[in-house]
Structures are given as structure tokens and as C-alpha cells.
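Encoded as C-alpha cells, here's the structure I'll be asking about.
Order of writing sets the chain letters: A, B, C and D. Residues in each chain are counted from 1.
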Amino acid sequence: MRIGLLTSGGDAPGMNATIRAIVRTAIYNKIEVYGINRGFAGLLEEDITPLSVYSVADILQRGGTILRTSRSDFFATDAGVKKGAAVLEEYGIEHLIIIGGDGSMNGALALQKLGVKVMGVPGTIDNDLGCSDNTIGFDTAVTTALDAISKIRDTTYSHNRINVVQVMGRKCGDIALYAGLSGGAEALILPEVETDLDAICERLLQGKDRGKLHSIVMLAEGCGNYRDYCVKIEERTQVTTRGTNLGYIQRGGSPSNADRILASFMGYNAVLSIIKKETGCIIVERCGSYLGIPIDEALKMPKIFRQDIYDMASVLSI
Amino acid sequence: MRIGLLTSGGDAPGMNATIRAIVRTAIYNKIEVYGINRGFAGLLEEDITPLSVYSVADILQRGGTILRTSRSDFFATDAGVKKGAAVLEEYGIEHLIIIGGDGSMNGALALQKLGVKVMGVPGTIDNDLGCSDNTIGFDTAVTTALDAISKIRDTTYSHNRINVVQVMGRKCGDIALYAGLSGGAEALILPEVETDLDAICERLLQGKDRGKLHSIVMLAEGCGNYRDYCVKIEERTQVTTRGTNLGYIQRGGSPSNADRILASFMGYNAVLSIIKKETGCIIVERCGSYLGIPIDEALKMPKIFRQDIYDMASVLSI
Amino acid sequence: MRIGLLTSGGDAPGMNATIRAIVRTAIYNKIEVYGINRGFAGLLEEDITPLSVYSVADILQRGGTILRTSRSDFFATDAGVKKGAAVLEEYGIEHLIIIGGDGSMNGALALQKLGVKVMGVPGTIDNDLGCSDNTIGFDTAVTTALDAISKIRDTTYSHNRINVVQVMGRKCGDIALYAGLSGGAEALILPEVETDLDAICERLLQGKDRGKLHSIVMLAEGCGNYRDYCVKIEERTQVTTRGTNLGYIQRGGSPSNADRILASFMGYNAVLSIIKKETGCIIVERCGSYLGIPIDEALKMPKIFRQDIYDMASVLSI
Amino acid sequence: MRIGLLTSGGDAPGMNATIRAIVRTAIYNKIEVYGINRGFAGLLEEDITPLSVYSVADILQRGGTILRTSRSDFFATDAGVKKGAAVLEEYGIEHLIIIGGDGSMNGALALQKLGVKVMGVPGTIDNDLGCSDNTIGFDTAVTTALDAISKIRDTTYSHNRINVVQVMGRKCGDIALYAGLSGGAEALILPEVETDLDAICERLLQGKDRGKLHSIVMLAEGCGNYRDYCVKIEERTQVTTRGTNLGYIQRGGSPSNADRILASFMGYNAVLSIIKKETGCIIVERCGSYLGIPIDEALKMPKIFRQDIYDMASVLSI
């Protein structure tokens, strides 16, 4: 058997660990693996090479994706998907594994409708998929945010200021929520919770009255830009307020232990599923177990907001 | 209400995050917290101070335990336990929270037999408790081991050698198992798996034949000392073999994101359990949920070896 | 004797290591040290406390400044300086050590004109003082930028993009220059070198022709904002160009080894100079030696641009 | 012109940055570079390949050496050196650059006696060369030791213990000296200073009397094994004493900023020296400048112990 493998959409730390797990599990089971470079764009341009055990040596610990990634406008058209399916057939690729976020999974679905066997692996730092407790890259992005918060806290403390730290996540507030909990942020601004800026500022001032010399406010990008919040918070609190957008550092870096384990399990199980004749699934993690869920079903699952973590974070940052 | 809090046995990264969670959740709920320094030894010597919201400021990210810890021979006697119970009564401490490993939980049980209300929180880098999927400090210890493996790999590659990396864990191989998986170790020597050194050496030589220029062997301390393995492996493979015992660096360091989340949940839930009138439990994590299990039952639960991870690690390191 | 100590202006990693060195060297030599909180503002408000050997325990490795810092508008007036001198006299402080950048040194000069004995220590991440080869905090800021570049490179590579990384430094390009050299940036935009964006873009395209799949452009904040450069570079190269402003993470973090050594030497020598009856000097590092230079002279020394490093960086990034 | 390049002896972080600087500076100046794998052993076995600009892409930040290294017994004989010289001639290599420590420089001298043009670059974590203020890899090794000390301090504090931290350096105490200063160690045991263990223990006990709850003792490997010191210190102080040998982690890791700058300068200047028709030199750093010194002279220069740093460290760790 021959399978194909591509990474698509925004890159995430741990994609390489996933690629390694897929390639090695496949080869161990006498399955050939072809790597498709630059996502669906590379598929259309036939930028395809066979992968060996050695192609994936020394990549477990590296950020990014050795297959590289892209977004393709043409692939989003009917003609594009058709061309993609034809290329796969031409190369004798019987099953395609796609590592990416929800946009990439929609690409997988489009191919599936043309009869292509596909398997999805959730790789995105945003953790915005309802079907899986965790996505590959999320823990590393939070870890990077934590390191940044720790550095920003040093200078925020030294100047007795407030600092608004903007993190990624698109419409999902999970990076801000988890980094806020783990970094001890004094306030969280998340798309899942209606923002009452007056209440937040009052809370910050109460902290100041009790002796807190500085505050960190975590801001999910889905709620807007840090500059606006800085102005508004400084107006309301009369405390000098600065801000930082962590930007692209959140996408890179060596994957954390948790992401390496998750990536290994997901890549390994994607291939085992194919061996078991499963297809059309996305591999998800639920409560520590790994299983395949039909992609269309999986994409319809609502992302549940962890109100419990939000409440706990409020208590712990008093 | 007034509760007491101590850390006992070997320290673990995340103990401070747990202390912070307990103190803040308690105070938020109008419960007083007394910190008992140096574990049971400090209890016997009445080394006890009230803790405030500020006592635990700026400790979330710090390794070790601000309460410090110890092992007490006297506390292990009947007279010792009796004295401990008396001190708690004298200070009006109605409920004692103990953060530590299985030895510390036995201390908790001893106090409970004298009618003291106790609550346990599993804090140990060894991850050797059958009752909880994860213990506080384990992920950080694995993360430290990963960083060390990465550094050792640089020099091992440069010299085309084998390096045996010895990690902690007492009788449990989990640090070696998880760091071996995440670090891409070429072989694992664990107390849970019978070691066939000839088979391991053959595997290393096969890797060499296929072009691997170096190998890392993870050794759990429960299987013996790295020096003996270096000699035996070098004899069998004729490849220069060096070794490293990571030692005490594994006990320290800023807790990882995973450990901060675990510590926050466990500390928070320990206090919520007390508020719900539960007692005599150890707070455990099972498949992402947090619950209390009676300590005596919890201590009897066998630690299940993750054969699936071991098998996966074998496949992924070909 | 009694000396005073304050940190002023922007904070820098290693200020705490400097404070520790000053306090311990002073106490070792039977000199009392009073810490003045929040820079000149705290001096005017008499926010002053004696420091002991223990006040500075466990701060060597911490970013920021335990004395905190500020900018004071009132201190910049004649009345302000006079008030400052009076407070010092009232507290019996015979000699004032000021850790900060050039603005802070101007404050020192103003006090000196009123007869106050002052000693300066150059603490700023910008490395913008002509008098000293290195300033405290600079190596750590470059180290932080390196870590960020490494992460940004992962995602920039994965998408075959250009990324413009904006760093601090005010009018000085040193953070960009050194981080660019150490991080292997493909182009540098510095205030000290006239920017020929066409030439830079041509160079990036030549790299692409030779097979470079991505590029990092270091931008010193003295040259403008990364957003403008992204637009211009994307226009000229037709390569997707993203950007990141590292922002406040550059001000924090545990000081690097080089900064700890520099801070220790400078703090130690500041006190030794006072003991030797020197005054009105700033402690500088020149070619590995530490000496005191009169502050007014020191401030007039032009900062020499390291053209040799710029040229070397051009060659090494081909 | 064609030059050869090898790394020899113990590997050091920054060797790859040096290789990159040499290859790129050479190619920029139209000089061919041949990489000789595995040091002198690879020279004798003709394990030689041409290097291009791309051979050294993405290695600046990596520990170890892509050319790998070794020690060769045969090369140490007259016949070995003769064979080496013959191989170089056969490959048309006019000038050989050797990156390594003093043993490697002796190999360079042996080749030079046979008329081979050689150039040395000091790469060793030990910083044990009298001719150069710093050697490539030293700052990174100290940085790794600092990180380890910080982790060990967490657990040492938590248990109120003493911990003896053994570091590398062969007969040179510089890693212990600098890491001791930067890490705030309470005592240093160095080969350059006669050890008075009674005085050290008294000092540790005085610290305890003044309230220090734990102590770190830095031990240079040139003074013996940490286990012996643990026993003796525990005997004398009656404080529980543990120890850690940092081992091979000190040889690896991504080079620090200081090492990348040093490596870039040294590699760049090695090639510029060859272009200027210099030969038989080792490139050294003296007070921030880079120059070539004849190898035989350079090897005779005594390593000067930095008594001033030792004295300063004593004062700062009170």
C-alpha cells in the first residue's frame, strides 16, 4: 500500500513529530509513504517525494513542518479538488493523511466526496476543534506564551504597570485561557465570555489596593487589538498600561513534552486506523484515549468552553 | 474553619503552584490556612505559620516548595503520630492537606486513624501512584530529561557514540518511558520490562548498519546504575559508550504548563472537597477529571504499566 | 558610611544582579546601603529602606529590579533636584549609586552639580552608551531576540515567507545587529546604516534563487515600524511577508551568564571606587576591564557603530 | 585555492557556528572548502567531502559538530602524521583549519613540521588555553551549568541541604569559577586554589547561622569526585549533603549568544588570515580583539587564573 501525507493551513509545533510517527509506523508496517510538499498547493503542482525512515530522522524536536504548508485558492474550487484527486491517483496514493486545522479538514472532506480515502490529524495551535480535547501545537503555544508572560511580568512589576498580552487563537480563547491560568494573569479577555471592562478594571484596582504592584491581562486575539484595550484600561484605572502582541513566536519552537506525546499517539493511530481499513476519520483525543471520528461529524461538534477553568482562574488570581 | 497544609517527602516542581491554589481557594471561601514547614518534622516541632493571599504571590512559577519538606523518623512511630495529632488540635487545625508521594500518604493514613481529618494531593516526579494518571511534577521532570537528552544527543552524535541516560523514578519507569518516547531514544531499560541486553544491543547495531550514527539509551534508576550498562553495552556493541546520571536537576525547575494546570486543579479541588465535607481522600486525575478516592483504597491500586506507549516507542524509534 | 542605591529609567535584566553585588560588597566593607524605591520619584517621596545581605538573597537570577523604577517629571526641574539632594542629606546618604541609561545619568549629573556624590552604573538593554563596550541587560535582550528568531524561523520556513522582526534599541541598532549576526538573519535594517530597501529585496530574491526557502529581516525600532516594511518588501519581492514586534519580552527574563558577570563586576567596582574615594564617575567596561570615567565626559563619548560586525554579518548570511 | 576543515577532540557548542563562518567566508572569497569528517581519523581514512554554502545552512544554532570528531591513536605516530600530510596533498588541500583544544593544536603542529599549512581555532568548553581569553563553547557550558544550578537550588532549598555540583573543565576550574559566580554558589572548589575543606565548611555553617537554608558548592572535576566531597562535607557540617555530576549535558545544547559571536569572529578571521597569507597561527581573542598567534608560542602561554573573579565571588556570596 502507498499513502500520502501533507500538512496544511497554519503550521504548529509538533507537526514534525506527527510526520515522523506516521512515516515510521507506516514503514514498520510495510506501507510506503509519499510526502506532499506545501499542502494542497503542492498536491496540485505534483510536488511529491517518497519518504524513508531517514527522511524523518532528527525532526521530532523541531518546530514547523518539513513538508511545509500553504493555503491554496484554486484547491478550494471544484476543478481544484478534481485535479487533486487525479494527482493522487496518478501517483498511486491510496490513502491521504492531512495534518491541519478545520480549514484543512474541509479540504479533506471535499476530496472524500470524490472518492478519495482520507484521514485527518488535528494540528493547530488554536485548540479550536470541538472533536478533540487537545490539538497538536496547543500546549507548546501556551508554553511559549507562559515564557513571554514571565518576561513581561519582570518589567511590568519593575514599573508598577499593567500589561495587556495579546495571544493567538482566532475565534477561540483557549491559548489566553490556559496561559492565563498557568501564568497567573490577573484578568482574562476571551471571545467566549462577554467582556465587562469596567468590572475588569475594578478588579485590577482592588488588587492594587490590596498591594498588587502590577497586573497582567491576557487578551485573546478574537476580542480585538491590545492597543485599544491599553487605552481603555489606562483611562479607567489611571495606571500606566502597556501592551504586547506575541505574534509569530507562538507558531514556532520545539514542541513540548505534551505535544510530542500527543503527536506521536495521533500519527501512530492514524496509520493503525488505515491498516484496520478505517477511512474518512479524524483522529481525536478524548479523555486520554485516541479514536477516529467521521470528519463531517467531527467538524459539526461544538467546541465546549471550559467555564470551570475560567472560574478557577478567577479564584486563583485574587 | 482553619486548615493546615504541608509538603512531605521528595519535593516536586508544581508543589508551589499547588500551595498557591490551596491557599487562594481557601481564603476565597473564608477558610484560614496554616502552613506547616518541613513536613511532618515541622508539625512535630510546631513550625507553623498562617498563610495569606500574599504568602503565595509570585510562587506559581517556582520549583521546589516554599514550605520545604523532610522525612521524619519520629513521625513514623506511634508516639510521633500522636504528637502530630495533638499539635494540630492545639492549633485548631480541623483539616490537614498533605502534598506528597506514597510515603506521605501513609503518614496521612496514620493521622486519620487517630481521627484527624486529612486530604492528600499526589506530588511526586516519579508518577508511581496507581490511583492517578499523573502526579504533580512528573511532566516537568520529563521535560527536564528531554532538554538533557537533546544536549547529550549533540555530543553523542558528534562522537558517533552510545550514551546511557539514567533518570529518576525509583521503582517506576515512567520518567524513562515518557522521556524516551518524547526524546526519540533508541532503547529503553525499565523495571516494568524484563531487560534483554543482547536484544537491545542487536537493535542498536542494526540501527548503526542502517546508518544511525549514534544512540541514546534511557535507563530508569530502578534497573541499576548507568556505569554497569555502559560497560556491558560497549562490550557487546564495540561502540564507545558513555553515560550520564541526570541526578538532582530532575527535581527542580519551573513547572511546565501541564504541571501548573494539574497542580491548580488538584489544589483547587482539594479545598472544594473539604468544603463539601469530604475527608480521608486523595485527589486524583483520571482521564482529565479530578476526583477524591479514599486514601487506603487509592494506595492499594496497582500502577498500570503503559505497555502501549512502550510498544509505540519501539516502532517510532526504528 | 552610608550609601544610597536606585534604579532608574527603563528596567533591564541584570539590574537585580547589580543591586546584589553593590549591597553585598558594601556590607562586606562595613558600608550601610539604603535602597531607594522607584527611582528619582521614590527619592522625592522618601520611599527609602535599609537593605541587608538578605534583602538581596535569591535575586541574582531574576529579571527586573526589586527596587523598581520610574521616570519623574518633577525631578527634571531644578526644584526637583534640590528636593532630591535634601532628602539624601536628611537620610545621611553620603554617596548615591544610580543604575540606568543615559537619561538616568543626566539625573546623576544634576545632583552632582548640587554637591551630591554620585556613581553611575550603565544598565540598559539598548547598549547605546559610547563609554562602555557593553551595558547591563544587552546580552540578555539579544538572547531573548535569538530565541524569538528561532521560533519565528520555524513558521517562516514552513510557509516559505519573509518575516520582519522588530526589536528595541531606541536610536541604537545594536540589538538588531547582534541578534541578526547570532540568529543568521538574511538582512539587517539599522539606524546607523542608510537603508537601501531595493538592494535588500534584491539580496533576498537572490537568496531565493539560490534555494533559500525563507528569510528573516531584523529591524531596529529606530528605523520605523515593521508593518510598513512588510508592505514594501512584499510589494518588491512578491513573497508573502509577515512581521513581529518582539515588544516587552525583550525587557524581562533571567539575565544571561554574560550579563550576570558584567553586573557583578560593575556593582562590585562601583563600591570599590567609592571606597577609594572616587566619585562622579560611571563604571564602564572597556575591552574586558572595568574603570570609572567622569560622568559628563562619558556622556559625550560617541557610540561607535560596529561596521566590522555589520560587514561580517553580510558575508555570513549569504 | 582550496582549504580543508576539521573538528577534533571533545566537541563544543559553537563548533557548527564556526564551521558556518569558515565555509561562508571562504566561498564569499572564492576559496573552496573541503570538510574532513571525524577529525584526524577521518583525514587518514580520506573521509572528505566538499562543502557548499548550503552544507552549512541551519547549523548556526545547533550544538555538536556536523563534521563530527574523534581522537586518533594512529595519527599520534610519525607514520600517522605523514599519512595525513599525504592525504591533504592528494586532495589538493593547501591549508588546513583545525577547530579544537590543545590536543588538537598539537596535531596541527605535527602537520606543520611536515610543511603543511595549518590554522587553529580554539574550540573547547574547558577554557583552558592561556592564549585566548575565551574558547568556543565555554560560555554555553557555563550557561548550561547555570540552568542546572538553578534547578538543583530548588530542591536543595526545599530540603535545607547542601548540594555539591560537579562540572567539567579537566585541569581548569573556569567552568566552576564562572558558573559559581553567576549562579551565586556559596563555595568553590577549584584546582587553581588550594582547598581548605574545614574553612569551606565553617563558611557554610556561618551562612546557616545567619539564616541561609541551603548551600551550593561548585566542584571542578580537576579536584576529584563529588561523592567524596559529599561525605566529607556532611561529616563536618552535620547537614545532609547531596551531589550531582552534570556530565555530558555540558557538552551539548544550542550555543549562547556570546559563543555564536565568538565563533563567527574566529571562523571569519581564520579565513581572512589565510587570505592575508598568514599560516601556522591559532586565532585568539584578547580583550575583544581577534588576532593570530603562532601555534607553538600560543601553546606555551600559561593559563592565568582569574584570582580577581574568585575573590569577587567570595564577597558576593556572603
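Keep in mind that, in the parts below, a residue touches a chain if its C-beta (ideal position, glycine included) is under 8 Å from a C-beta of that chain, and two chains touch if they have at least 3 such contacts.
Everything numeric here is computed off the predicted structure, so don't read it as measured data.
> Can you list every chain in contact with both chain C and chain D?
The common neighbours do not exist; no chain touches both.
> What is the chain whose Cα centre is as far as it gets from that of chain D?
The most distant chain relative to chain D turns out to be A.
> For chain A and chain C, let me know how many angstrom lie between their CA-based centres, rounded off.
Distance between chain centres, rounded to whole Å: 35 Å.
> Compute the distance, rounded to whole Å, between the mean C-alpha positions of chain A and chain D.
40
> Where the centres are mean C-alpha positions, what is the separation of chain A from chain B, in Å?
Distance between chain centres, rounded to whole Å: 28 Å.
> Among the residues of chain B, which are close enough to touch at least two other chains?
Expected reply: 150.
> What kind of graph do the touching chains make: line, ring, star, complete, other?
Topology of touching chains reads as a ring, each chain with two neighbours.
> Under the touch definition given earlier, write down the residues of chain A that touch chain C in their complex.
7, 11, 13, 15, 38, 62-65, 68-70, 144, 148, 150-160, 163, 213, 242-253
> Of all residues in chain A, which touch chain B in the complex?
Residues 20-21, 24-25, 27-28, 53-54, 57, 60-61, 133, 139, 142-143, 146, 150, 178-179, 181-184, 210-212, 254, 256-258, 260-261, 264-265, 268, 287-289, 312, 315-318 of chain A touch chain B in their complex.
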